[in-house]
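Note that the chains take the letters A, B, C and D in the order they are written out, and that residue 1 is the start of every chain.
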Amino acid sequence: MHTRIGMAGLGIMGRGMANNLLRHGFAVSVWNRSPERAAEFSDRATVAKSPRELAASCSVVIGCVSDPPAVERVVFAEDGVLAGAQPGFRYVESSTVSSALTRRIAEAMRARGADALDAPVTGSKEAAEAGTLLFMTGGRQETHDELLSVLMAMGKKAIYCGESGQGSRMKLVGNTLISFMLEGLCEGLVAAAQGGLPTATVLEVIMASGFASPYFAFKGRALAEHDFAPHFALDLLVKDQTLMLAEASSLDVPMPGLSAIREVFRMAQARGYGRDDIAGVVRVLERAGESQTHQRS
Amino acid sequence: MHTRIGMAGLGIMGRGMANNLLRHGFAVSVWNRSPERAAEFSDRATVAKSPRELAASCSVVIGCVSDPPAVERVVFAEDGVLAGAQPGFRYVESSTVSSALTRRIAEAMRARGADALDAPVTGSKEAAEAGTLLFMTGGRQETHDELLSVLMAMGKKAIYCGESGQGSRMKLVGNTLISFMLEGLCEGLVAAAQGGLPTATVLEVIMASGFASPYFAFKGRALAEHDFAPHFALDLLVKDQTLMLAEASSLDVPMPGLSAIREVFRMAQARGYGRDDIAGVVRVLERAGESQTHQRS
Amino acid sequence: MHTRIGMAGLGIMGRGMANNLLRHGFAVSVWNRSPERAAEFSDRATVAKSPRELAASCSVVIGCVSDPPAVERVVFAEDGVLAGAQPGFRYVESSTVSSALTRRIAEAMRARGADALDAPVTGSKEAAEAGTLLFMTGGRQETHDELLSVLMAMGKKAIYCGESGQGSRMKLVGNTLISFMLEGLCEGLVAAAQGGLPTATVLEVIMASGFASPYFAFKGRALAEHDFAPHFALDLLVKDQTLMLAEASSLDVPMPGLSAIREVFRMAQARGYGRDDIAGVVRVLERAGESQTHQRS
Amino acid sequence: MHTRIGMAGLGIMGRGMANNLLRHGFAVSVWNRSPERAAEFSDRATVAKSPRELAASCSVVIGCVSDPPAVERVVFAEDGVLAGAQPGFRYVESSTVSSALTRRIAEAMRARGADALDAPVTGSKEAAEAGTLLFMTGGRQETHDELLSVLMAMGKKAIYCGESGQGSRMKLVGNTLISFMLEGLCEGLVAAAQGGLPTATVLEVIMASGFASPYFAFKGRALAEHDFAPHFALDLLVKDQTLMLAEASSLDVPMPGLSAIREVFRMAQARGYGRDDIAGVVRVLERAGESQTHQRS
């Protein structure tokens, strides 16, 4: 049904998603803030001059940009997606933003006879490339159903979470869990290493236990090697923690653990680690000049 | 080689462990502080009058009691295990205590020509009954090897962590991770529920994600049902968090996340939830008179 | 010069301020969202029907309401102060809000040839009544100087903090210090009382020490008597803590202590203490059914 | 009555205290772990070879050393104060230690017909030199009364806090308040400075407010000048925070604020600031390479 799909935002995730749409035979148009990245797709996809043009020429546009201001620009700017939305148009918001923002987008789209789905993803760059992302969606159930074939070109599963905003909220809850797991792993590994207990042994025990998780293996490897090349930039996780705490604040829910954890990440930012991978936060806990978790050969 | 094994402590874990030793054909002697529990084993095992008598009549004694003072009593009291230890005797400390205490036990045993292994376990009551516990051991490698057949009667795996104390330290690191995962799950589920996102949906997404863990399924169910019957008593986890923070303190390792999390659990204690399951901590986050995560039918 | 002063907001603080303006011989007009409170002033002051009418009939209007949405309404609503501001008009924002909001107000006033000063206050209800408030101002230095005689009718001192927004920021920093001092006092007094050290003795030592502060005497008395009648409502302090953390977030400054403290106050809100005095937070630390700091006679 | 007073420990505080005893006409004996410092007193005081000798030759000994292990050595070592204590002897513990330790000392002294008073002090090096310290005492009221003239030679006030241990507990509560006030000041000043609000203005407002304290002026000056020459070493405050949290833990009192604050100080230790003044903790909050609170001329 939807034969031309627009992709707004060609960062790490967006590129993988666009490639998978192409692989599944969809006609694809692309737009990116800096045109160089869009140009890389010019042999396989139509390059739009603006999100508005993208929306006007596609029946579905997927937005995947870095933060709320970028989403505001893509959707609500004069040449934004909203301005190009015709009745029947569908906008899929895959960026991680507040539930209030995705609700506002959905309302604006509906006022034009179009509709929007919040559909943030979880999964690494590798999952984006392999088409095995997990979508968590918010909006009308029928819009979720209608767009499922598009989502399934990019992911392995799409779980419907409820009305507009619930996909975004679910994503923030997910990144909350990631924050706890990573900070816990860092604190545990530094204490272990400082006490002479090898990182490899700790990871072996974790993976044999009832609290094992692929995430501990993934980040444990990065911590063991002190490899902080960004899979998920620390600055972006702090942004999500801040969005979650703001939602919790308006919902009157205390989040004492997340509040404490966010401050550790913010101290990492203050030390200049914001563009590193989130695992780089471990250095705030390590002694100056030492890398306790790093396993030297 | 070791044909009579003594079990000191017949709580939830100790009983399961003793039953599995019997099932594997070991001759078993038991001792428990309150004699009623020991009496339950009188048809299948010899009941000792004291840890000392247990040690004198067995080649291996396994201690599994609730906290450091109980361990002190079992090992160092006048009628304790140490007093009954002959050369060649082996003591296996399966209680969760500080690495300093298990090191002290090992030194005392070695001074008598005996030896000790710290071998705390992870796994539920069900795992203790099924004989599928995970042991993490500290002590001499050859003592670990020598006792492996005994441990394997009670567990599915025993991972050697290093010298005396490292098994205990590993256990504390493990309970650190459990603390983070549970607190993160509680904060996330309460925020989700308060925002209208169902607990079941959150758990479905978690279990489909890269940070899935059997632990989230296990505790998620308890939280969804507000079922706080104790698998792991909140008071005991606070004890372990306190031991971990004391170790971190002496190792000069900051643990800002665990410090914050421990205080949430301590506020739960102050409200009288110490004997409930650790999942009961969620009530500190919920609004008075409400149970947000509880899914009413 | 300024002979008719308008007061928008007749809460605890606003009433004291209006009374002091009258006492100093200023002609006063008043407006309050619920008209009953304004009516109490009808014999001494002119009652305006809207903030707009207030602005149109006064050369200076002072706003003192509870939170940012109330300020938005007073200033920016269709019948708000801004709509009634003539060239030369002065608006004094005495509510505690973000520096971004007071900057926005100043810009809007200046676009009309008027000007605004942020001038939040510190001091209790008693200080408002006695005219001994402390103002911290942000805006043009000459506007501060021009309005000094008005401010001095209500306070004992006005400290110029810098450009628009700096008065608001200073107030948030001040409430940050209050948050730390009160939480520290609560934690210290509960630990002392639980250990058998009387609250009165602790307060005597504090007041004799180098870290003495009138604030400890003031709140110490409330804690000793478990008197939580609101001088400063807990809900309002949480609002200010949240504004401060949002400013710190946009300034990239970690505030790990304030983050932790805010969560304690938020747990007090979750237990239903939001309308009590901020000292009521102590109950989150006390054991269920006990009041450790309360000195029984 | 007490004519020869022994001083065990001649650090920053001990020296000032010994000098004031001499100034008030007491005969003084001294002991210090490293004999050079004791030698500096050899023209005015008798130098003892051990704490035991000090106790044997004086009717009162005052101990003022850095931490619990040093106190254990001074009191309980073979050549310690206890070994030299005759019936009627008085030991005054002015070090900051746990209430459990000072209770243990008192019990040991009483078993020999002697007695001990816990009498930690608050006040700077300057106060020690000027003889204006504040003592907070624990023990028998009559022992407090008996020793008052000795204490008043060194201080301006001695407040009786209750039975043995309560002086120590009071001191830990005092250092808890200092921890909150300093961390709050640091967080507030960094946020202010980063937002363009000068440190001097913030300090002026604080000192004019109801939450003014000499302590804010004292540490505010150090922060404004980034002068971290040690008045109170960061390592020692962390030791006291840890003692307080251990007491709170055994008293079942949550201290979420202090827990969070201690971790900030511990991160400062990890960065190598342990021997600097406690105000040096501010650098954990500042951006790498910047000193926001430092007022450049």
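By definition in this document, a residue touches a chain if its C-beta (ideal position, glycine included) is under 8 Å from a C-beta of that chain, and two chains touch if they have at least 3 such contacts.
Every value quoted in this text rests on a predicted model; they were computed, and no experiment measured them.
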{"item": "Pair joined by more contacting C-beta pairs (A-B or B-D)", "value": "A-B"}
{"item": "Distance between chain centroids, defined by C-alpha means - chain A, chain B (Å)", "value": "37"}
{"item": "Whole-Å gap separating chain B and chain D, where each centre is the average of the chain's CA atoms", "value": "39"}
{"item": "Multi-chain contact sites of chain C, meaning residues that touch two or more partners", "value": "252-256, 259-260, 263-264, 267, 270, 284-285, 287"}
{"item": "Topology of the chain contact graph, where touching chains are joined (line, ring, star, complete, other)", "value": "complete"}
{"item": "Chain A partner contacts - residues on chain D that touch it in the complex", "value": "256, 260, 267, 270-272, 284-288"}
{"item": "Touching residues on chain C, where the partner in the complex is chain A", "value": "242, 246, 249, 252-256, 259-260, 262-264, 266-267, 269-270"}
{"item": "Chain D to chain C touching residues, read off their complex", "value": "99, 122-124, 127, 134, 136, 157, 159-163, 166, 169-170, 173-174, 176-181, 183-185, 187-192, 194-198, 201-202, 204-206, 208-216, 218, 244, 247-248, 251-261, 263-264, 284-285, 287, 292"}
